[in-house]
Every structure is written in C-alpha cells, then in structure tokens.
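Given below, in the form of structure tokens, are the structures.
What follows is chain A paired twice: with chain B in the first complex and chain C in the second.
Moving on, here comes the complex of A and B:
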C-alpha cells in the first residue's frame, strides 16, 4: 500500500516542529533554563518522527509502484528488483536529500538523548545547531526538491533506475557516504555548542569521539565501495578518476582524518584546541560543500545523474556556516590558548602536527584542482578542465610522505626523544624498506614512484608489526600465554592504540594497490570469433558468442579464454547488454582477480557478424585495495567497540590512561 | 609543563611564522608545478575555435565540446568517426578508443540531443580524440521537470 499521500503533510509537520524546537532550545540556551530546553528536545524528537514518517511514505510509494508521484516514476519501474527499488530512495536528488534528513534527525535525537543531562546550556546549544541544520534541509525538501510532487497523468510504468546504479555496491555506497557526512553533524554541533557556552575543555571531544570515529569509518568504507563500484561497473579499468564528485567525498575525508589524529593531541596534551575546532568546521563545511557541488550542476561530472535547482539554496547556508563558525572561533581565541607547548622537534606532537599539515595540504590541493576551472572561468573567461595528471602529481608526493609518517609517528616518543633511541627504533623498518625496494626492482618495477611506495609500505608494515610484537611480549611474560592470545590481548586491552595500528595496516595495503597501478597494461582490439589478442602475459581468445534474453535485458555475452604459456588459466564472460525499459546499453565487466594481478575485460561493441571490440587490462595488485579496506574495517570495529564515555564522568577529571606498554 | 602562551614569546612566534611560511610556499610550489605538467589542465574550445586554431602548432591536448550530428556516426571495428557541431562549424572527429555506453544509448534513443566532450588534437582536417565523454541531458530527468 502506498503511503505517498502522507509524505508532504509529514514534511510540513516536521518543519513546523523542528522550527519550534530550535526556538525553544534557543530560549533554553539563552536563559540557561532546563524547561524550554527539554520542551525543545521533545519538539525536535517529534519533528524527527515526522521526518521518519516521510521517509517511510516515500519507500512505501516506491514499493507500491505509486506512479502518481513524479519521483517514483522517474527512478523506479515495475520490473525493477526489490533491492534496487530501495536503492531508488537515494537514486535521485529529492530522495537522497530526504534520506539525508532522515539520518540527520535520527542521529541528532540519539546524540541529544545521550548528551550529559547536567549541562543544560551545552545541550540546548547543540539542539539549536542540529535543529537549525535540519530546518535548512526540510526547507529544501518543502520547496526546490520536493520528493512528493504528484503527476497530473499517472503513467502505467516508471522510467526505471539507471542500470549503472543497479549494482550491489550502489545498495551500500551512497548510504554509507551519507551516514558519514551526516554523522559529522554531531561533533560539529557539539564543537559549536562548546564555543557558544565557552566550555572549551576536552568535554565535547570526548562526548563525540565515537561519533567522529563512526562518521569517519562510514565515510572511508563508503569511498572505497564507490571505487569498487566504479571498477566493476564503469568498465574503464580504474577505480578513481578524480572526478569532482569523488573529490567532494574525498576532501572531507582528508580533513576528518586530520581531525581524528589531532584530537589525540588535545586529549593527551591539551594542545591544538583552536585547530580541532577549525578542522571539524572545515570537515562539515566540505561535506555540505560536496553536496552543493554535486547537486548544483556547476561542475560537470559523470555522477550528475541528477541536477537540480537547489544550488543557490546552499550558498547562504554554506556562507553562514563558514563565516559564523570562524567568527565564533575568533571570538573565543583567548579561552582557547593552549596550556602546553612543543618541547622538541623530534616528538610525537611534531609527528601529529606534520600529519595534520600533510592532510590539510592534500585537502587544499584537491580543493584547488576541483574549483580551479570555476575560478579560471570567472577571472579570465577561459574555460578549462583539470585532469588526473594534476591530482596525481600533487597527491602522490603528499600521500607517500603520509605513509612514511604512518610508520614513523608511533615510534617517536611524546614530548622528546633522543636521536640515538630514535635510530634504534627505525633500524629494522629501514632495512625492510630497503629490502622491499631491491626485491621490487629485481622483479622489474621501473617506476620510481612505485619503488618508493613499496619501500615505504614495507617500512611502515614492519614498524606496525614491531609495535604488536613489543606489546605482545609484555602480555606473554605477564600472563604466560601463547603468541596468538598475547596478540589478541594487546589489541583488546588498548583498543585505541592497537586498533589504530590495524587501520594503518589497512591503509598501507591500499597504498600497495595504488602503487601497483604503475604497472598497468591496457589494450583494445576488434576480434572475430576464434581470433586472439595479447595482453601482458596472457593470450585472450574469443571462444564463443552467446545470446540471451531476460525480462529486463537482451544479453550479448562473449566467452573469452585467457591462456598463459599455452595453458588456459581463466575463462571470462563479459557482456554487452541492452536494458529494455531504459533502452540503455550497459557493459558488464569480467574480472579474474587475485593478489598478483587482475585480468579485466570489457566488450565495448558487438557487430552484427558477431565480431566484438575487446578492451582488456592487466591491473597489478588492485586486489590489495579491497583487502586493505577489509583490514581497515576490522581496525575500525576494534576502535568502535571501546566503551563510550559515560555521562556521569563528564566534568570529572579526565580518566587517566594507563597502557600496559609505555607509550614512550 | 610550563604555561607559556605561544604568542608571548617573539622568538617562538618568528619560528612559527617561518615554518608556516615555508610549508605554505612549498605547497603553492607543488600545486603550481602540478598545474604546469602536460595534460594537467586542458582548455575547452568549441569546434569553431578549434578550426580557427588549426594553424597553431600542436602542444598539449585540449577539449572540445559540441553536439553530435545525427547520422554522421560510423564505426569500423575499433575506430569510430562522427561529426560534431556548435551550431556554426561542423568538425570531423575520429577515435580508436572505446566510446562510453552512454554515447551509444543516447544515439539509440534521441540522436539529435547527444553532446560530447572530446579530448585530443586537431590536425587541420580531423580531430583525433584520445577520450570521448558523452552526456545525454534529458534521459534520466523526470518527464514533468
């Protein structure tokens, strides 16, 4: 049954209740009164419930094929599989904004409920900020991007979902990205509330630490899944094109990663207070800016499946956020003075600072490349575009420096370290790096960048493993247990530290996969049945042409055998299909994947006589990107499994962290 | 842990400024160097401009965008040839790179509305494209919009 009719009334009610909630919270905040604050929270909760109802209304309309709604007609059809009918919720602009708002109000309610009860003004200001953001999105849903617009004439069937979006990756990738973006609202709102209440100790950081980690984890996995989707669906043999939309998700990831590291400094040494507020402001700004960039249509991109008239609505909101946030930080600079200072250049603090500088530099470089065409056109009138060579040239050096730092940082002691001890720590990782370089060079790797990447990956991996070995030794001695349980204890007893190392290890594996792309081989040939082509070590033979038909599509499948040294090692079945409802051609890639290399084959054209254009790639080490992401996800779950801050401890002195192994 | 506000000490402040300045300068240098590399940026031209520029010596690749002239598309094996136009000038374009599915979809559906962006060089007669991207504006937009 379609509940589509409930959608718009729900949004109107949600908008009214949210606005009331913001006003009540503001009253509570200004008057420091708990009555209006509590009433405000209730109003916001009721508003959130109506937003949820609107979400349910749209989903039910999609499943009930209620084609009286323009959105349902535009993004779904009767033939669409059930799973992808759900994906239609974020397949278009209006639906994805509604989905975003549902997540925002849901997260806001959870965070507000958990906020320390004793601290009325912090709670109230947080509610003002979160409710304000929700009001903005509701305004957009009511006016320029209404998902419940009805059609005068109800069609018999819908247009269906773009076949490109009909992929398992699309069921998870957009929701994860949105979850990541939206969850950053919570640390952002708490940070702003801390500024407004002048309660600028570590309280807001601790209360939102898990939110930040959760947001960052969702964003990280979301980005990798986006790459996996591009790799398996788009058929150009790569996973990252430095497309504006990809950059839009990558920029907040960069600043968020800087933030996650620099909060450690504030918690341990009470430094970087201003910096952390700037970083969370930037992260959230870039998250919204990304939405603006991709939804406004000012940049052309393969992702602009949906362009809408909502760009101009975002500009004042973005300006208010950036100017207001920075002004607020500026007004509180005196209270934000750091109590500590750098003791030595060779210290963990400096390593964290270097990490932050590099991440911010990377974010700036990516931002510059993304908006340079707009600036150039506005200033000189010249139309130009910035391509992957620019992004690779700026990002590879910064990325490599970061990978080296990932290994180096944890080896350096807090406050200061003498040079001798430092060299003793890096001796073994350095040897490993050198060995990896020599091995890779002997294996025929010629690219200097790739050799450096392999060296740094080996250096960092060994440095991380050494940390685990040192930690486990202590557990082995104390508890007299074997290595496996000692390693498990090391990990679980200090999850923040060792969970972080596991994430680092995942990143190293991903970089290994990136470095492999230096050895990428690509070839196109037009083959008749029985003909062969060479690519890398493989001989591909066009074996057979298979035609097929399903209710959704006409299938043209080319069976290809891949032989190495005269022996068939793989059979690949790439397809080129015609989706009937959308009348859309869609190539289905065939990939034989493995740790050494992927053999990747696409059919780009089929002639009536059965001859076909074959586009083949050999992608070395790409497999490690997905393996690394799995390792990262493991590390993230260890980090997230640590118990959150208890409400009662807020305001009490910071819990003293006593790791079994000295943090040096 | 001696409490010492960063700004109180002029020596520290100078160090901070020099360090920060050096970092900023190296970042600007990196970005400027990267922008200057071949094919980092490419200019956008219309077919009219490309044909007018024909005499200029070849350097970096550039981009050209225009509408595909229906019925001009011919494919022979890997090579696809067609004409694009900006309404004033029609230009022949050829590529041996695979064209995106979107291109063929758009051609099969509404061949009068297909816009492409091609990257490549013009040899005086024909535009040799190393990459062709296609856009079909109306396909996935709501009918009522």
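Moving on, here comes the complex of A and C:
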C-alpha cells in the first residue's frame, strides 16, 4: 500500500513545526530561558518525526509502484529489483534532498537531546542554527524539489533507475556521503552557537568531537566506495576521474581533515581558536556548495541525473552561511584571540600547521579546478574544460608532501625537539624509504612520481610502526605480555593517538594503490570466438558466448580465459547487457583481483555474429586501495570507540587523560 | 619563488599518470594517451578515456584511425577542437588567461606556506621573549637561598626523569 498521499502534508507539518521550533529556541536563546528552549527542542523533534514520515511515504510509494507520483515514475519501474527500488530514494534530486533532510533532522534531534542541559543559551542557539538549516531544506522540498508532485495521467510503468546506479555500491555509497555531509551540520551549529554565546573555550570542540569524527569517517568511506563503484561499474579501468561530483565530496573532506588535525592543537595548546571556526565553517560551506554545484546544473557531469532548478535557492543560503559565519567570527575576534606561542619551529605544533596549509592548498586546488570553467566562461565567453591532467599536476605534489608529513608528524615531539634527536628519529624511516625506492626501481618502476610515492609510503609506514613498537614495548615490560597483547593495549589505552596512526596507515596503503597506476597497461581488440589477445603477462582467449535474459535486461556474456606462461589462471565473464526499460546498453566488468595486480576486462560492443570488442587492463596494486580503506575503517572505529567527554556542561574543564606512555 | 613554483609543477607533471604512462608511438598508444587528454563530448565532466558510451568508443577508434594514417597528435587535437570547440581540451591553455588557472594553486600553496612560516617564526620569537621575561621576573622575585633550593630540586627531578626515560 502506498503512503505517498501522506508525503506532502507531512512536509507541511514538518515545516510548520520546525519554524516554530526555531522561533521558540530563538526566544529561549535571547532570554536565556530554559522553558522556551525545551519547547523549541520538542517542536524540532516533532518536526523530525514528520520529516521521517515523509521519508517513509516516499519509500512506500516506490515499493508500491505508485506511479501517480512523478518521482516514482522517473526513478523506478515494476521490473526493478527491490534493493535498487530503495536506492531510487537517493537516485534522483528530490528524493536525495528528502533523504538529506531526514538525516539532518534525525542528527539534530540526537545532538540536541545529548547537549548539556546546563548551558541553555548554547543549546538554544544550536537549535536555532540546526532548525534554520532544516527549514531551508524543507522549503526546497515544498517548492522547487517536491518529491510528491503528482501526474495528471498515471502511467502503467515507470522509467526505471539509471542502469549505472543498479549496483550494490549504490546502496551504501550515497547514504554514507550524505551522512558525512549532514553530520558536519552538528559541529558547524555548535561552533556558530559558541560564537553567538561567546562560549569560545574548547567546550564546543569536545562536545562535537565524536560528531566530527563520525562525519569524517562516513565521508571517507563514502568517497572510497564511490571509487569502488566507478571501478566496478563504469568500465574504464579507473576509480577516480576528478569529475565535479567527486570533487564536490572531496573538497569538504580535505578541509574536514585539516579541521580534525587542527582541533588537536586547540585542545592541547589552546591555540588556533579562530582557525578552527573558519575550518568548520568552510567544511560545511563546501558540503552545501558541492550540492549546489552538482544539482544546480551550473556544471555538467556524468551525474547529470541530479540536475535541477534549485540553484537560485541555494545561492542566498550559501551567501548567508559564509558571510554570516565570517561576520560572526570577525565580531568575536577579541574574545577569540589566543596566546599563540610556539616553543620551537621544530615541534609537533609546526607539523600540524604545515598539515593545515597543505590540506587547505589541496582544497583550493580542487575548488579552483572545479569552478575554473565557470569563471572562464563568465570572463571570456568561451567554455573551457579542466580535467584529470590538470588536477593530477596540481594535486599530486601536495598529496605527496602530505604523505611525507604523515610520517614526519609522529616523530616530532610536542613543544620542541632538538635537531640531533630529530635526525636520530628519522634515520630508520629514511633508510626504509631509500630501500623502497631502490627496490621499486629494480622492479622496473620508471615513473619519478611513483618512485617518490613508494619512498614516502615506506618512510611513513616505518615511522608509524616504530611508534607502535615504542608504545608496545612499555606495555610488554610493565604488564609482562606478548607483542600482540601489548600492541592491542597500546591501541586501546590511547585510542585517539594510536587510532589516528592506524588511519594514517590506511591512507598510506591507499597511496600505494594510487602509485601502482603508473604501471597500468591497457589494450583493445575485437575478437571472434577462439581468438586471443595479449595484455601484460596474460593471454586472453575468447572461449564462449552465452546469451541470457532477466525481466530487466538481455544479457550477452563473453567467457574469457586468462593464461599466464601457457597455464589458465583465471576465467572471466564480462557482460554487455541491454536494459529493456531504458533501451540502454551497460557493460558489466569482470575483474580478477589480487595484491599484485588486477586483470580487468570489459566488453564494449558485441556484434550480431558474436564477435566482441574487448578492452582489457592490468592495474598494479589497485587491491591496496580497498585494503587501505579497510584499515582506515578499523582506525576510525578505534577513534570512535573512545569515550566521549564525561563533563556535564559545555565549557567545563575536560577530564584529564594521563597517558600511560609519555608523549615526547 | 618562481623556481619553487616550477619545481612544484615539474613534480606534478612527473607524478601524473599521464607522465607515467609509457610513451608508445603505435596508433593505439596515441589513442589511449589522447583519450586521457580530451574531455568526452558524450559524458560531460569526464575525459574520453573514462566515458563508457558507445559514441566515446567510436571517437577513440577515429583517433586511432587518424594516428594510423600518420596524423601527428597536434593535428588530431586541432581536428578535435575544430569539430567540438576549445572545451574538448582537458586542460586550460598554457598561455593567455589559462596561465592563471595553472599558476594560482601553486601561488596559493606557496603563499600559504610562507604566511604560516612567518606566523610560526613570530610565535616562536614571542615565546622566547616570554621566556626571557619569565626568567627575569623569576630571578627578581626569589631570594638566593630559594634559587639554590630550586636548582637542587630541579637537578634531582631531572635525574629521576632520566632514570624513568631509561626504564621506558
């Protein structure tokens, strides 16, 4: 049964309740009164319940094939598998904006409920900001992007979901990205509330630390899963194309990563107060700006299914957020002035500062490359393009410097370190880097960039492992336990520090996978049954042509054997399918994956006589990208498992952690 | 700074997958290389190499055909620009207004590094001045007897710390 009819009334009720919640919270904030503040929170909670009901209404309409709704007709069909019917919720602009709003109101409800009861003013202003953002999205859903628009004539079937989106990755990748984007609303709102209430100590940072980590983790995994989707679905043998939609998720990730590092300085040294507020403002601004870029139609991309008429609604919202946020920071500069002091240029603080410069430079490079075509067109009237060669040229040097810094950072002590001790610390990682370079060169790697990447990966890995060894040695001696137990204790006793190192290790593995692309080989051949082609060390033989059919598609499968040194080592089954509803061909890639290399085969065309165009790739080390993401996820779970602040009031002194292992 | 910018760009170019790819001269190598340097007219926002459509495959085959017929890469690019416009180039031009596109990220990175470096130096000097002031204040506010006791206790503390460090 379709609940589609409940959708729009639910959105209207949600909008009214959210507006009431904002007004009540504003009353509570201005008068520092707990009564209106609590009433405002309850109104926002009720609004969230109605947004949730609207979400349920759309999902039920999708599953009930309620083609009276334009959205259901546009993005689903009767033949669509049930899992992908759920994916249709975020397959189109209106549905994805509703999904965004469901997450926003849900997270707001949780964050406001968990906010310390003692600080009425901060809680009230946080509610005003979160409720204001929710009101904006509800306005969008009620007017330019209404997912419950009805059709005058109800069709018998829908248009179905874009075949490219019919992939298991699409069930997880977009929700994770949205979760990341939306969860940054919480630290952003707390930061703005801290500015409005002048509670500018470390309270708001500690209160939102887990939200920031949660948002960053979701965004990170979401981005990697997007790469995995591109790799397994798009059939061009790669995972990252610097497409504007990819860039839109990458820009806030870069500034958020800078923020996560920068808050450590504020918490440890009470410095960078202004900077952290600027970073969280930038992160949230870029999250919304990315949505504007990709959904307004101002940029065209492969994700054109998301274009729509909402650009003019987003522009004033973005302007208000950026100008308002910066004006607030400017107005509080006197309160925010911290006694910035570095004991030495050779210190962990300096490394964090360099880290922030590099992340911001990287974010700017990506932003600049993404918007340059718009600027060039506005100035010269000629539409220019900025593609992967530009992004690779400007981003890779910054990325490599960041990897080097990832290894250097843990080796440098807080406050000060003498150069002799520093060189003693980096001696072994440097040797490892040099050894890796020589080994890679002997293995035939000719690219200077790849050699540098391998050297930095080895340097950083050894630096991180050495940190674990130093920490674990203490536990081994004190608790008289074996190495595995000592490593586990090291990780769990100082989760923030060592969990961070595990995340760094994951990043290194991902970079290792990127560096492997320097050795990529690709070949195209048109083969008839029984013919062979050579790619790298493999001989591919077209063995068999298999036809099949499902309710959704006509399948043309080419069975290919891959032989190495005359021995068959893999059998691959790539497909070229015709999706019946969309009348669209779609290739299903076949990949034989392993830590050394991936053999990647895609059929780009099948002739009536059964002969087929085969595009094959050998992608070295790509496996390590996904392994690195898994290691990152492990590190993230360690970081997120750290207990949150026990303090009942925002701004109260945090509990003091006494590290078992002395920080150098 | 110009040298630094040039070095950064050089590292970028050396590190790019395009630079890393073997510069084969066969028609297929030319088509593979060039399809990474031109935007796809059929999949907005991505290069021809990444575009999965049949039209993209056909255009790639045409490029391979031109290369097989002996066309230089420059002639192929000119033909593509004539057919599809300037927007088919995947990078901004390296002259005129396009130079801004190339240089600005480097300028921002180097400018940011210089600014941060200047701040860090200022904060370090400020800390040294603070410390000097604190020392002077401390010397003024304690008696010689207190100073002797303090020196003794500090030495004992250092000895204890060194012992702990060895145990660590």
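Basically, the second predicted complex is superposed on the first by the 658 of 664 C-alpha atoms of A that agree within 3 Å, B and C clash if a C-alpha of one lies under 4 Å from a C-alpha of the other, contacts with A are read in each partner's own complex, and residues count from 1 in each chain.
Operating definition for what follows: a residue touches a chain if its C-beta (ideal position, glycine included) is under 8 Å from a C-beta of that chain, and two chains touch if they have at least 3 such contacts.
Note that this is a predicted model, so its numbers are computed, not measured.
Participant: Let's test your reading of the overlay: on chain A, do chain B and chain C clash or fit side by side?
Facilitator: Clash: chain B and chain C overlap once superposed on chain A.
Participant: What is the contact status of A:70 with respect to chain B (first) and chain C (second): first, second, both, or neither?
Facilitator: A:70 contacts chain B only, not chain C.
Participant: Under the stated touch criterion, name the partner, chain B or chain C, that contacts more residues in chain A.
Facilitator: Of chain B and chain C, the partner in contact with more residues of chain A is C.
Participant: For A:422 in the superposed arrangement: first (chain B), second (chain C), both or neither?
Facilitator: Neither partner.
Participant: A:27 contacts which: chain B (first), chain C (second), both, neither?
Facilitator: neither
Participant: Tell me the contact category for A:380 with respect to chain B and chain C: first, second, both or neither.
Facilitator: second
Participant: Which holds for A:389: it touches chain B only (first), chain C only (second), both, or neither?
Facilitator: both
Participant: Looking at the overlay, what does A:583 touch: chain B (first), chain C (second), both, or neither?
Facilitator: first
Participant: Using the superposition on chain A described above, determine whether A:448 touches chain B (first), chain C (second), both, or neither.
Facilitator: In the superposition, A:448 touches chain C alone.
Participant: So, does A:317 touch the first partner chain B, the second partner chain C, both, or neither?
Facilitator: In the superposition, A:317 touches no partner, neither chain B nor chain C.
Participant: For A:159 in the superposed arrangement: first (chain B), second (chain C), both or neither?
Facilitator: Touch status of A:159: first partner only.
Participant: Can you list the residues of chain A that meet both chain B and chain C?
Facilitator: Touching chain B and chain C on chain A: residues 235, 300, 302, 340-341, 357, 361, 364-365, 368, 372, 382-387, 389-390, 393-394, 397-398, 524, 585, 587, 604-605, 613.
Participant: Tell me, which parts of chain C touch chain A in their complex?
Facilitator: 8-9, 11-22, 28, 32, 36-37, 39, 43-47, 49-52, 54, 57, 85-93, 97-98, 101-102, 104-106, 108-109, 112-113, 116, 119-121, 123-124, 126-127, 130, 167-168
Participant: Which part of chain B faces chain A closely enough to touch in the complex?
Facilitator: Per the stated touch rule, the residues are 1-6, 12, 23, 27, 30-31, 33-35, 37-45, 63, 75, 77-78, 96-99, 101, 104-105, 108-109, 117, 133, 135, 139-145.
Participant: Within their complex, state which residues of chain A touch chain B.
Facilitator: 70-71, 73-74, 149, 151, 159, 162, 235, 300, 302, 305-307, 337-341, 357, 361, 364-365, 368, 372, 382-387, 389-391, 393-394, 397-398, 524-526, 582-587, 602, 604-605, 611, 613, 615
Participant: Give the list of chain A residues in touch with chain C in this complex.
Facilitator: Its residues touching chain C are 234-236, 238, 241, 243-245, 299-304, 340-345, 350, 353-354, 356-358, 360-361, 364-365, 368-369, 372-373, 376, 379-380, 382-390, 392-398, 400, 446-450, 452-453, 474, 477, 517-520, 522-524, 585, 587, 604-605, 613, 661-662.
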